[in-house]
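We just call them A, B, C, D, E and F in the order they show up, numbering each chain from 1.
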Amino acid sequence: MADYDEFTRFRQRLNEKILAQGNLGIKRFFALDEQAYQPGVLDAKTKELMGLTASLVLRCDDCIAYHLIQAKEAGAKKEEFFETFNIALIVGGSIVIPHLRRAVDFLEELDRRLEKFPNSEGKGSAH
Amino acid sequence: MADYDEFTRFRQRLNEKILAQGNLGIKRFFALDEQAYQPGVLDAKTKELMGLTASLVLRCDDCIAYHLIQAKEAGAKKEEFFETFNIALIVGGSIVIPHLRRAVDFLEELDRRLEKFPNSEGKGSAH
Amino acid sequence: MADYDEFTRFRQRLNEKILAQGNLGIKRFFALDEQAYQPGVLDAKTKELMGLTASLVLRCDDCIAYHLIQAKEAGAKKEEFFETFNIALIVGGSIVIPHLRRAVDFLEELDRRLEKFPNSEGKGSAH
Amino acid sequence: MADYDEFTRFRQRLNEKILAQGNLGIKRFFALDEQAYQPGVLDAKTKELMGLTASLVLRCDDCIAYHLIQAKEAGAKKEEFFETFNIALIVGGSIVIPHLRRAVDFLEELDRRLEKFPNSEGKGSAH
Amino acid sequence: MADYDEFTRFRQRLNEKILAQGNLGIKRFFALDEQAYQPGVLDAKTKELMGLTASLVLRCDDCIAYHLIQAKEAGAKKEEFFETFNIALIVGGSIVIPHLRRAVDFLEELDRRLEKFPNSEGKGSAH
Amino acid sequence: MADYDEFTRFRQRLNEKILAQGNLGIKRFFALDEQAYQPGVLDAKTKELMGLTASLVLRCDDCIAYHLIQAKEAGAKKEEFFETFNIALIVGGSIVIPHLRRAVDFLEELDRRLEKFPNSEGKGSAH
């Protein structure tokens, strides 16, 4: 998993290129993706933890990083993350472990950032 | 997706055979699987909906059926199921759709059962 | 793979239930799904064969059935299907073989239907 | 998982159709698939159990059925199957469980067949 | 996704080692893989875009890079790539997005290379 | 695939953090994972090669690296690795090839290490 700054910069730069290209289907999909995690009858934290679970069992590091950032901003605590990790590990098996290691490493980076820049988390484009 | 009775009977009968065979690793895995969804800092409903999300994106019909039963028993409402379905659909793409159709069909069967046998849901062994 | 009539009837009936439920994200995703295969700079047959390739390597029988119907209606011939099958088999490996068997069986059912009802293929809702 | 007779008949009938169609790439892939499990520095039983492990974690019921038949013919015993199941369960997670149930059910059918037709196992085309 | 030179050099060097080792099954599989994309009733560009679709939904960055190179050499234009991306995104869901970002980044690198070395694309061994 | 030292150090450091956090389910899963490969009716080498097969078809580089180390320590020879690779390639298809390249590269690194530090392989925590 890339470090936080590299990850968010590459994501933002390439998302802009993709959206600028003008394929309407892709553009609308990106919008739907963002809307799916808006609070509804389920709150934002629950939805982000569900996105995190899905990302873990599908073993998508960038998706995991993204939902860790969003879930943290929505108020998820360390123990909630680990109960989520446990479910993903049981459902997805030992192939989830390498992604779990990188997730825990990335979570610690998020914690260090929050100490240094207390109000900066998770700003910028989705995806 | 098999109907409710066929599904739960086959599951129970084969689980018993598997556990009776005596492989300790498999036995312990089944126990861990059950424990992962016990309420902790996250409540049972949230955990079951996370298990449902994972089952949908991994496209496992029996797992979907199982978590629909458990989430319903934990109090999940129709709109909560559909917000969960939406997240799974966005994360997993159109290949999730056939499983979504079978999930909605199975949910209706659960509703019909609950009208007929109001206190009978979800009893029996896990998995 | 279910037979043609059972497959299309179940698909249509459940799609209607899903769309009637009112979750906007799911509704819009279904629309995007349909639009992605509309002719653009790539023609409809090419797009359907790409959808078929993706469905084969992801091993989704209902998706395979759907794209076989659509690709046939868009003019795909037997040899084109088999070159598509070959690519999917090489990319996805021997786990694709059971789906290939069911695809070939379903193609023959489509051929028999076309002999009996020459103008009836592929009508009805997408997905 | 289909029962033994239905499974082997459908497999044989459709394999013949696929090979008769004349796509050379597919034909050669089928040959490579068969050769991969021939004894080499690893014996046939070990190779079939490896094929079984791969089929379990990739959750392909027909592939599982096929390798159960072949591994049994190559001499695999019940405890060896269950140690294989345990590894597949740990690597692939709880989504493997429904396939494990069907595998155990199919193994019992194989045992019943062997009692009735002691010398009949596993004949016929591969895949 | 590695940059073009690193990617092609590592691929070529390791492919040579793999083929030199002498396992006949692996050698023949590599040959079948190359033949599957040769023009037949479907032309090379269509086949490469199908290979690209499969690689995107299976989320294999190296396979994506390879088919981007081959499809470009076979004449695929930017809009055709984006219609392919759109189909892969709809079929495979938001977990495809990180691979889409890297694909778009790699495509731009290919464009820059073509400006500097106009006749150099895609030479060398397959896979 | 990271080089041997980087891989084992990161794995060990993060495993310790994960286990120190105190989630009992995760802790027990790690124990089950380690026990699954202990010799039983199947020997350690066979089990590690099965774990390797599963890791290859599920395309998990870190899992592949881990089982290469363990299988080598359990006595697996080059030709046994390549017969395992062949099975994984046939079952999983051409998307396995990039992981196969990295596996062969990592095996050579293990060989070089063994020449320099003849008794050092595979020590340390599992996973």
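Keep this in mind: a residue touches a chain if its C-beta (ideal position, glycine included) is under 8 Å from a C-beta of that chain, and two chains touch if they have at least 3 such contacts.
Worth saying up front: this structure is predicted, and the values here are computed from it rather than measured.
Counting hops only between chains that touch, chain A reaches chain F in a minimum of 1. Common neighbours of chain D and chain F under the contact rule above are A, B, C, E.
Ranked by distance of CA centroids from chain E, the top chain is B.
Note on A-F: across the candidates D-F, C-D or C-E, the interface recurring with over half of the contact pairs conserved by residue number is C-D.
Interface residue usage between chain C and chain D, two copies of one sequence, is largely distinct: under half of the residue numbers at the contact are used by both copies.
Inter-chain centre distance (chain B to chain D, centres taken as mean C-alpha positions): 28 Å. With each centre defined as the average position of its C-alpha atoms, the distance from chain D to chain E rounds to 32 Å.
Residue numbers of chain F whose C-beta contacts span two or more other chains: 25, 29, 32-33, 36, 54-55, 57-58, 63, 79, 83, 86, 89-92, 94-95. Every residue of chain D that touches chain F in the complex is listed here, in rising order: 32-33, 36-37, 40-42, 46-47, 49-51, 53-55, 57-58, 63, 77, 79-80, 83-84, 86-88, 90-92.
Here chain E touches chain B in the complex through residues 57, 89-96, going by the rule given at the top. Residue ranges of chain E in contact with chain F, taken from their complex: 10-11, 14-15, 17-18, 21, 23, 25-26, 29-30, 33, 54-55, 58, 60-63, 127.
The touching residues of chain F, when paired with chain E in their complex, are 59, 78-79, 82-83, 85-86, 89-90, 94-95, 97-98, 100-102, 104-105, 108.
On the chain F side of its complex with chain B, the touching residues are 24-25, 28-29, 32, 35-36.
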